[in-house]
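Look for subunit A in each of the two complexes below; its partner is subunit B in the first and subunit C in the second.
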Partner chain A sequence: MSDAFAIMRPGFAAPDAPAPATPRAVAHRDGAPNPGAAALRARFGPAIVRVTVVWGETTVVVDRQRALEVIRWLHDDPTQRYDYLVDVTAVEFRDTEQPLEVVWHLRSLPFRRFLRVKAELDTKGGAALQVDSVWSVYKAADWMERECFDMFGIRFAGHPDLRRILMWEQYREGYPLRKDFPLRGRFSRSEQLRQALAANPESRYSMEELTIADAYEDLPRDMRDRLGRGERTGE
Partner chain B sequence: MATTKRTVDVQLSTSGLDARGRPQRTPLVLDERGAAVAVEAPPALEPDFASEHMLINIGPQHPATHGVLRLVLELDGETVVRCIPHIGYLHCGFEKIGEYRQYNQIIPWTDREDYLNSPGNNVAFALGAERLFGIEITPRCTVLRVIAMELSRIMSHLVWMGTTCIDIGAFTPFLWSFQEREKIYEMLDMWVGARLTTSLTRVGGMAADIPDGFTDKLRSFIQRFPKTLDEVDRMLTRNAIWVGRTVGLGVMTPDEAVNYGLSGPMLRASGVAYDVRKDFPYLDYETYDFEVPVGTNGDVYDRFLVRLEELHQSNRILEQALRRLPDGPVNVDDPRVILPPKTKATSEMESMIHHFKVVMEGPRPPIGESYVAVESPKGEKGYYMVSDGTSKPVRWRIRPPSFVNLSAIPRMVEGHLLSDVIAINASIDIVMGEIDR
Partner chain C sequence: MGLTPGTPSSPSTVSLDPPGSEFWVTAKLDDLVNWGRKNSLWPMPFGTACCAIEFMASAASTFDIARFGMERMSFSPRQSDVLICAGRVPFKLAPVLRRIWQQMPQPKWAISMGACASSGGMFDSYAVVQGIDTIIPVDVYVPGCPPRPEGLLYGIMMLQQKVANERLSDARLRNEMEPDPVSRLYIPPDTIDELSEPFGNSVHQTRSAP
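Entry: the complex of A and B
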């Protein structure tokens, strides 16, 4: 058996740490922060906007330009080792004065720690919502970032294949989880039905798939003609 | 070694490493003299990129995709060169709807995402909301929730076992496991009156205490259940067809598995002993005596072994929970979230006003956010909730374990045969309701 398959037990990097236990009597504010927060302050200084502890969970708000750098350091540094990306998501508040937040939930399996990293994006002034993708650090970010893009319209620079994932590629109603998106959708039912009925078979496939090797040659002539004209939706 | 008519005894040996540095295991079979010999290892599948490739579409309406998953495969002969999954056919916008619902009104939605694990989702959501409210639940409620979580784990793993057997070509274990699952559904029916969409919990407590006769039924289930597992074990674990169709497929190394964010049995089969119940405990799981099974090769066969052992361990936890089940109230004594008793609400003015306010206005948590993860049968299931002080969450995010596990399928199937794609896909244990939400 090779070393590649040696069993990895979480918590091995902190053998003296107390045994994990169900949290009790957690204070709303002012709990003990995660040691990662102080280390980040020491390492990145002004890039760390603020650190808050809510219900025992530490949140580090970082400068959005340096989010990838911070997360890469958390992943690589031997005193942190945040090797597990739990989640990438975003939060938009009902209060339009508050910025939109991109949230990364990180876990350190070797130290049994949990850390929330946030970057704030300004939605006012029509600025592009963009942060760097952490796909180069965690492969897990692939679909999570695609979903976040699909639902909020946040662009993750450096993602290899940033396209919609839950909605279809020709979906034109916007970004469903934004607060300005109505619960029932933007288009009427009849318009949605019309679009669905007008869809061509090729709209079910991504351009990448349609151009796979020889598959393109096997397509029916009318399909190839439409693709040649750049028509995807059949309208 | 005893051989029977139906099964051939098979041993597994590590014969060396393949080109990628992964251990190659070949089944050993008995020759005429009864000695174990290695089966001729199949030649390594190296796709020939120069030849003609074929595009093939599986799903979304295909029984082997376990729902409405659609896989577009690029094939070289029968070898998969590339796999592009398409999801979203079941997307209902649960997270959007949750922003328009009070906390207790969201609980029925959690039934419907991972519908094989409804009680587990209910408990997970209630735990998340309780952290947001700062509520400590009662001891009896804690143990009842452990029972609910482990019952739903057994339920979900049994469905996985049955359907995966059908995918790979064995029919009998499907009937056995669905028979046991029916017993659990009967118990849930007794408890809350629903089988699939249980809505078992409320913020601060449970929808109902367990009824009379529930513990007896559970006790007899705990006693009988390992026998069924042993039957499945005898049928599959050393079955030559089963071993031949599962060993060495979809291998993920530990580092890869962690980097791809896999969780649950998928991660543990790869040799990472990460279990939320042990490492970030909730519901006093640290006080229960149970083991975390870990695989060594990260292939489909190990995932099967891990899930089979988890069923035994869940049964152990159920036994302990039943033994320690304390008396006392189920709901917390917190008028912010808990309704007054119905008799009082219909006879006293103050209680009626209280009832009205809790139902119509809804409980309001303080401003804050919480992420609570539980070990669902599929992996780490987390609920991230953000409150702005109103009775409805600003953001309710589900961290879906099968969504993240499925995102590794292009990596796992590349270089395998088309027929193995079905086995690998089955081993992920996907529920499309959770993936598409």
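Entry: the complex of A and C
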């Protein structure tokens, strides 16, 4: 298991990682897949639905139930070491029969690899639009999953604090990036303004959320030492 | 020498400058107070987007907003005279803008800088207020996307003219905005809907769902 907090330095890359170079003559389809794809097939078998390569980037579609397991393995395995979660987002297609997809962009800094992991969500049933949160693997997923929830209404099970992040918490018009959401919103402009003005700014921008004391356990050791000596943190 | 009648620009100002005696001048109090006010407007910059970059350029040396007595940016609404809203205002920011306006003491004025602040501009979407005049009363609208500093300076000069023509006896000018206590809107809802109607190219856009 790789150390999540190992410091990256120049020349840190693994010995077999290719030297950084601008790729030339990349095929549109069916280029060389990321070696992670074959490793995933060998390790997880039927949980890997399909692998596609477009413009040299590999996309692995995985079973929704095992997405967290796959991503945790990609993060922890010493031959993969995907230590950087670039993005969590979702795709809804114009064809409403097609399920929503959640997309994780992973980057391995030591191996200089990029991998896109997708999972198709259930549209009906108790677990509709629900997927496991990867917050337990990457802390960076916190706000990205909140944004994904805010814009698409996808529920990330296991997220510590799944609230809206861009729209205000009392926002009642729905999920703006869904295909069935009208461009100008569902309510009239006066109603939108009335609801916006009814909000109390202090209730949304709480200083409590911003205190460094709450994050004490997650801070690097030197910062904890400084705080322990009573140094002011600028709050 | 002697009695000088008022000039066409300030007809009420009369001055006497007799040789070897004290000089005196008479003027309307309105003129004196307004002269002082219009030449020391302290702006409260409310910059949210690219208009704020142009606003900063107006404050820098080439355009030099200090020539108009506005070099003292007031980052506290309590010490400012003119709110310059530069940039788009999303609905989430609407209560913040409203509160800043309510914290400013009288006399106060507002400049809506740029297309987005004045009308929502190209952002005819679910998230953006379609003109800050649905939240606070606005004195001068500066068109442009973003307006050049000359445009903002012209708007400031228009505001100075407006200030120069105010009358102290006219209490209506200093009426504080009183929003409806329930809805918190200060103009009727149908007026807001009318002001927020799409115009220009956005008329041709259709709603993506009924």
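By our rule, the second predicted complex is superposed on the first by the 176 of 235 C-alpha atoms of A that agree within 3 Å, B and C clash if a C-alpha of one lies under 4 Å from a C-alpha of the other, contacts with A are read in each partner's own complex, and residues count from 1 in each chain.
Here, a contact is a pair of C-beta atoms (placed from the backbone, for glycine too) under 8 Å apart; a residue touches a chain by one contact, two chains touch by 3 or more.
Just so it is clear, the model here is predicted, and its values are computed rather than measured.
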item: First (subunit B), second (subunit C), both or neither touched by A:His105; value: first
item: First, second, both or neither for A:Ala199, with subunit B first and subunit C second; value: second
item: Residue contacts on subunit A - larger count, subunit B or subunit C; value: B
item: Contacts of A:Gln130 with subunit B and subunit C, given as first, second, both or neither; value: neither
item: Which of subunit B and subunit C A:Glu191 touches, first, second, both or neither; value: second
item: Touched partner set for A:Leu183, first subunit B, second subunit C, both or neither; value: both
item: Partner chain in contact with A:Thr79 - subunit B first, subunit C second, else both or neither; value: neither
item: Touching partner for A:Met167 - first (subunit B), second (subunit C), both, neither; value: both
item: Intersection of the subunit A residues that touch subunit B with those that touch subunit C; value: 166-168, 176, 181, 183
item: Footprint of subunit A on subunit C - complex, ascending; value: 91-92, 94-96, 98-99, 124-127, 129-130, 134-135, 179, 183-185, 189-190, 192-193, 195-196, 198, 205, 207-210
item: Subunit A - residues contacting subunit C, complex; value: 166-168, 173, 176, 179-185, 188-201, 204
item: Subunit A-facing residues of subunit B, complex; value: 14, 17, 21-23, 52-55, 72, 74, 82, 84, 87-88, 91, 93, 95-97, 100, 131-132, 134, 136, 253-256, 258-261, 271-274, 278-286, 294, 296-298, 366, 368-371, 373, 380, 382, 384, 386, 388, 390, 394-395, 397, 399, 403-404, 406-408, 411, 436-437
item: Of all residues in subunit A, those that touch subunit B in their complex; value: 1-2, 4-11, 19-26, 28, 54-55, 57, 59, 83-87, 89, 91-95, 103, 105, 109, 112, 114, 116, 138-144, 147, 151, 164-168, 176-177, 181, 183, 205-206, 208-209, 212-215, 218
